[in-house]
């Protein structure tokens, strides 16, 4: 098991953790199996996303903002929107491991999404299963 | 494999199954691995969500309602909205198992979401994989 | 590991791959475990969905279209909407394997979703893990 500790700098932000996932798979020694990438936070998420274009990340964060807006929240604390974005985008992804590497597509990466930052410490757990 | 049987009481509803998932992991005897929590229904879902504030659950269900409204459905039967909510929120989650316990964050729980209730019997399958 | 190659015919489209997933599980010889169904594309996705009613598929694709519309995209290339739909619906699902078969519900199937077609070759990876 690998645990990443991330510091976020903005209210909402996507952090590319593709290389860290690749490294964790190599370190695990698993040749065939799956890698589960999971965050323990309820105002953050882990998603598979296009990794090449930062503009697309902005489009995504903007869309999510639109999506959770336009309603009054019962939840107090000012971060209801962050919770809803987290729930909609999901806390974990599972990636096949083939020939000792996560089977990412050419344009595909893994990202931690911050929805209630900045935060000094965000955690992501990477668990690689043989099989 | 553990199978939960749930009875739902409302049209839409979130049921906290965090303790049942913890129990299933302990019962499995698995110390390191993953737990997959899965529902067989297409008008329900399984999500990771903040577990402390019931208001936030109301915010979430309200947001989903808004999301699937505002269009005419081709599907007959009156539960098209439930199907769409189910597809958007997902039928399964995967949680790392560390030291014999699911690695939930402090505020994080697992919920079965009902989107076409009430129903006498909803099923959730918990599968714990060693690795 | 099983790799499916799919050809898509429309801009947006759902392709039922339930039978292929069943076949891959049988071929794997795994009796108890999980099946991870994963796509390497960032303008496609893999979802669990109701398999009986084509109208419901239309409702779903229409809802997703509405969801990502109404904003100007920073991403150039004309397929920003496809990327956003892909991110929202997810690149993978995990299904328990019980008694040698994926534990689908009665109405439940697995679908590859095309959001930027038509394409001559779309890939889906099916990885079955024993456990």
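Each chain carries a letter (A, B and C) given by its place in the written order, and its residues are counted from 1.
Here is the rule we use: contacts are C-beta pairs under 8 Å (C-beta built on N, C-alpha and C of every residue); 3 or more make two chains touch, one makes a residue touch a chain.
Note that this is a predicted model, so its numbers are computed, not measured.
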Legend entry - Chain contact graph, described as a line, ring, star, complete graph or other shape: complete
Inset, instruction - Would you kindly state whether over half or under half of the residue numbers at the subunit A/subunit C interface are used by both copies, giving same or different? - result: different
Legend entry - For subunit A paired with subunit C, centre-to-centre distance based on mean C-alpha positions, whole Å: 20
Legend entry - Two or more partner chains touched - positions in subunit A: 33, 67, 88, 90, 94, 129, 131
Legend entry - Touching residues (chain side subunit A, partner subunit B) in the complex: 1, 33, 36, 38-42, 67-68, 70-71, 73-76, 80, 83-84, 87-88, 90-92, 94, 123, 125, 127-131
Legend entry - Residue ranges of subunit A in contact with subunit C within the complex: 32-34, 47-50, 53, 55-56, 58-60, 62-63, 66-67, 88-90, 93-98, 103-108, 129, 131
